[in-house]
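Naming follows writing order (A, B and C), and every chain is counted from residue 1.
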Amino acid sequence: MTPAVAKYVAFARVAAAQVRHERSDLAGRVLFFAVILGVFSSLWRAAVDAGLPVGADSKQLLWYLAITEWITLSTPQIHLDIQDTIRRGDVIYRLGRPASFVLAELAAGLGLLAVRLPVLGLAAVGCAAWFTGWVPPLTALAIVVPIGIAAAVMLTALHVWIGLLAFWLQDVSPVYWVCQKLLFVLGGMMLPLQLYPELVQRLAALTPCPVLLAAPASFVLGSPAMAPRTLIVRLALWSGAIALGMRWTFRRAAADLMINGG
Amino acid sequence: MNRNSLVFARSLLATNVKAALALRGALATQVALMALNNLTFFVFWWALMARVPVIRGWRLGDVQLLFGLVAAAFGLTVALAGGVRQLGRFIEDGDLDTLLTQPRSVLVYALGMRSHPPGIGDVVSGAFLIATSGYLSLRSAPLLIVAIGASAVMFLATGVLFFSVAFWLGRVESIARQMWELLITFSLYPEPLFGGVLRLALFTILPAGFVGYLPAAVVRTPSLPHVCLLVGGAAAYLALAVAVFNRGLRRYASGSRFSTFG
Amino acid sequence: MQPAVQLNRVSKSFRVRRARGGGMTARARDLFRPLTETVQAIDSLSFSIAPGERVAFIGPNGAGKSTTLKVLAGILRPDAGEVRVLGFVPSDERRRLAFHIGTVFGQRSQLWYQLPPRDTFELLGRVYEIDRRQHRRRVEMLTTLFQLDALVDTPVRHLSLGERMRCEIAASLLHSPRLLFLDEPTIGLDVSAKAAIRDLLQTESERERVTLLLTSHDTGDIERVCTRVIVITHGRLLWDGPVAALRSAVIGNRALDEAPLDEVIRALYADGARRRCAP
C-alpha cells in the first residue's frame, strides 16, 4: 500500500471505529428497518389483494424494498459531518494538510459503510425472510450484493457532494432531504419504477437514481430492469460524472475561500 | 398557570418568531424545501393509489388527510416548541442550570427556547394536502383544528416523555430520538395495516394511534366519543409528560446523575 | 444586618456511577448492577457574605465551586447544613429567590444569537415580571452606563466577545438583583475588554449595592474586582479573608511577598492538598 493510499485507509478506519461506538444508532437503524419492512409487507399484501398490476407478487416486492432500504439506510449522512467541519472553520486546517479534503471525507464515508452494509444486510435478509417466508434465488442475491455495494458507494459520494454545498449554504439539510425524497421517487425506492406514470419514468432516466436503487433491487423481481453488465457500465459512467462534479465544486469552494478568507 | 406565565409564554413565542424571521431568505428557502420534501415523498402514495384506488377501505383522500394532519401537527410542534428536539441534550449537558436560576417554568422555557423553522414547511405542505384531500369544508374546519391541535400536543407530550428518560438513564438521547422518529413513521401509515397486538402498542407505549389514526378518524367519521377520546387522551399524555419531567427535575436537583469516569 | 449569603456546615455528596470498562459483559453488568461510589463534593462548608461585598470564590478544578454555587442558586439540594440566600432557603424557595439573583456565565450566553440584545432584554423583562415603564427606563440607564448604544440593536452574532459580555452583564442586571453570580466573566477577553468589564462590575456593585460572588481563574479579576477571597479545596474551606492578606496566607518557607498572585494561589492549593493528605 502506498503512503498516499494508506492515509485514506486511515481516515476510513477511524470512521469505522466511531460507528462501533455508536451502537445504539445502528440498533435504531435495524429496528427502523424491521418496522418499515413489517408495515410494507402488510401494505403490499393489501395492495396486491386490491388488484395491484405488477409483474411481481407481494413477496418479491418486499424483498425489493429490503434491498433499496439496505442501500439507503447504510449510507452515512456524511453531509452533516462535512457541514460541521466547514462551519467550525476546521476546514482551513484540513486544506493545509497534504490530503485531499474530498477524498478524505469520502474515505470516512466508506469506513462507515464498511460497518453498516454487513449489519444492515443481515437485517435485510433476516427481516425480509421472516415477513415473506421466502428467499429469492441465490443467483439473484449474488448479483445484488456487489452491485448494491457499488451503488451505496456512489450514493455516499453524492452525500459528500451535498456536504460541499455548506461552503455557500447556511444549512444543507433541507437540500439533503429533498434530494433524498427525489431519490425515493425517481429511484423507485418503495414502488418499482414501472408503476409510476410515464412522465416520472422518463424523468428518472435522466438521473442516476434508477441506477442507484431500482436497477440493483430489480434483480429479485421477476424481470430485472437491465442486464448486469449494462448496469455496471451505467454505474461507472454516473460515478465518473459525479466525481467530476465534486472536483469542480470543490475547486470553486477553495477558490472562494482563498478570496474571501476564513 | 397564572397571568404572568401566559405573558411569559407569549413573549417567548414572540422572541422565537423574531429569531426565525431574522434569518429571512434562509428561512424562506428552508420552509420551501421542507414543503417540497414532504410533497415529493407523497408522490409514492399518489402513484400507488392511481393504480389501486382503494386499499383496505382507504382512498387517496384519506391518506392525504392522515399525512397532512401528521405533517401539520409535527410542524406546529417543532416550530413553536422546538426545544423538545434538544431536550435530551439539554438534560445531559446540564443546560437546564441556567433556566433553573430564572423564575419561570423550566419546561416551558426549555421547549420555547428553540424553534425549528423548517417546521413551517411541514405545516404548509400538511395544509396543502388536507386542502386537496376533499375533507376541507366549513363543517370539518373546527374538527380539523381539534385534530391538528391534539396531534401536536401528542407529539410534544411523547417527545417530553421520551427525552425525560435522560434524567434517570443519562445518555439516551440517541435512542429517545429514534423512538420519537419511529412514532412519526408509524403515524403516517393507515391503521388497517396493523394487526391486533401492534395496534394496542400503538395506542399506549408508542402512541402513534393518538397522533395519526384517531385525529384522522375524528375528521373522517366525526363522533362525540372519538373527539372525547382524542382530546382526553392528548390531555392525559401531556399531564403524564409534565409530571415525569418535573419528577426528573427534582432528581436533577438532587444531583445524582449518571456520569462515567473510569 | 442580615447577611446576603449564609452557609452553615453545608455538605453535598453525589452518588456517581463508575463504568466498569469496555466490553459487552462489563456494559451489561453496568446496566443491571451499576457500581456506585460516593463523591463528597462539599464537606461541612461554612461562610457568610454581607450585602454589597465582592467575593472571589476560587479553588482548583474539582474543588466544589460550581456545586456550591448551584446549592446557593437552589439548583441543588444539600444533604446537610443550612443555607440562606437573601433570607430565602434556596432549594425550597427557588422561584422566589430567582427574582433577586442574577447569573453571568462566561461560557454560556443568555442572549439570543440571531437577535439584537434589545430583544433579549425585552424577553427578560417578561421573565422577571418587570413593569413596562420601569423596564424601559432601566434598559436606557444600563445602555448609557455600559455604553451599549451602538450595540443594543445589532444582532449578537455580529458582536465581538467583549461587546457581548458587556451586554450579558447588562442583561443580568435588568431586574435589579441583589446578588450576582459570575462564572468566569472575563474568559477569552483581551486586556482592554477585561479592564472594561472589571470596572463595570466594581462600579455597578458599589452603586446599587449588589453582592458579587465571582469564580475565576484569572487573578486580575480577583485583584481588581473583589475585596475578599474564599478558597476551597476538596469541598472544604481552605482560606477566607481580604485579598490583600492572601499573600500571608501561604505557610512555608517560600518567599512570596513579591511573587505574582497566581504563584501565591498555586502555593495555597498545594498547601491545601498537602494538609488534606496529612493524617
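In this text, contacts are C-beta pairs under 8 Å (C-beta built on N, C-alpha and C of every residue); 3 or more make two chains touch, one makes a residue touch a chain.
On a predicted model such as this, the values are computed, not experimentally measured, just so you know.
In terms of Cα centroid distance from the overall Cα mean, chain B ranks first. At the far end from chain B, in terms of centres built from Cα atoms, lies C.
Chain A and chain B have centres, each the mean of its CA atoms, that are 28 Å apart.
Centre-to-centre separation between chain A and chain C, using Cα means, comes to 50 Å. Taking each chain's centre as the average of its CA atoms, chain B and chain C sit 38 Å apart. Across the assembly, chain B contributes residues 23 that each touch 2 or more other chains. The residues of chain B lying in touch with chain C in their complex are 4, 7-8, 11-12, 15, 18-19, 22-23, 95, 97-98, 100-104, 253-262. Residues of chain C that touch chain B in their complex: 12, 14-19, 21, 41, 67, 70, 73-77, 91, 94-96, 98-99, 101, 103, 105, 108, 110, 112-115, 119-120, 122-123, 126-129, 155, 181. The part of chain A that touches chain B in the complex is made up of residues 22, 24-25, 28, 31-32, 35-36, 39, 42-43, 46-47, 50-53, 170-171, 173-175, 177-178, 180-182, 184-185, 190-191, 195-197, 200. Considering their complex, residues 23, 26, 29-30, 33-34, 36-37, 40-41, 43-44, 47-48, 50-52, 54-56, 118, 121, 174-175, 178, 181-182, 185-186, 189, 192-195 of chain B touch chain A.
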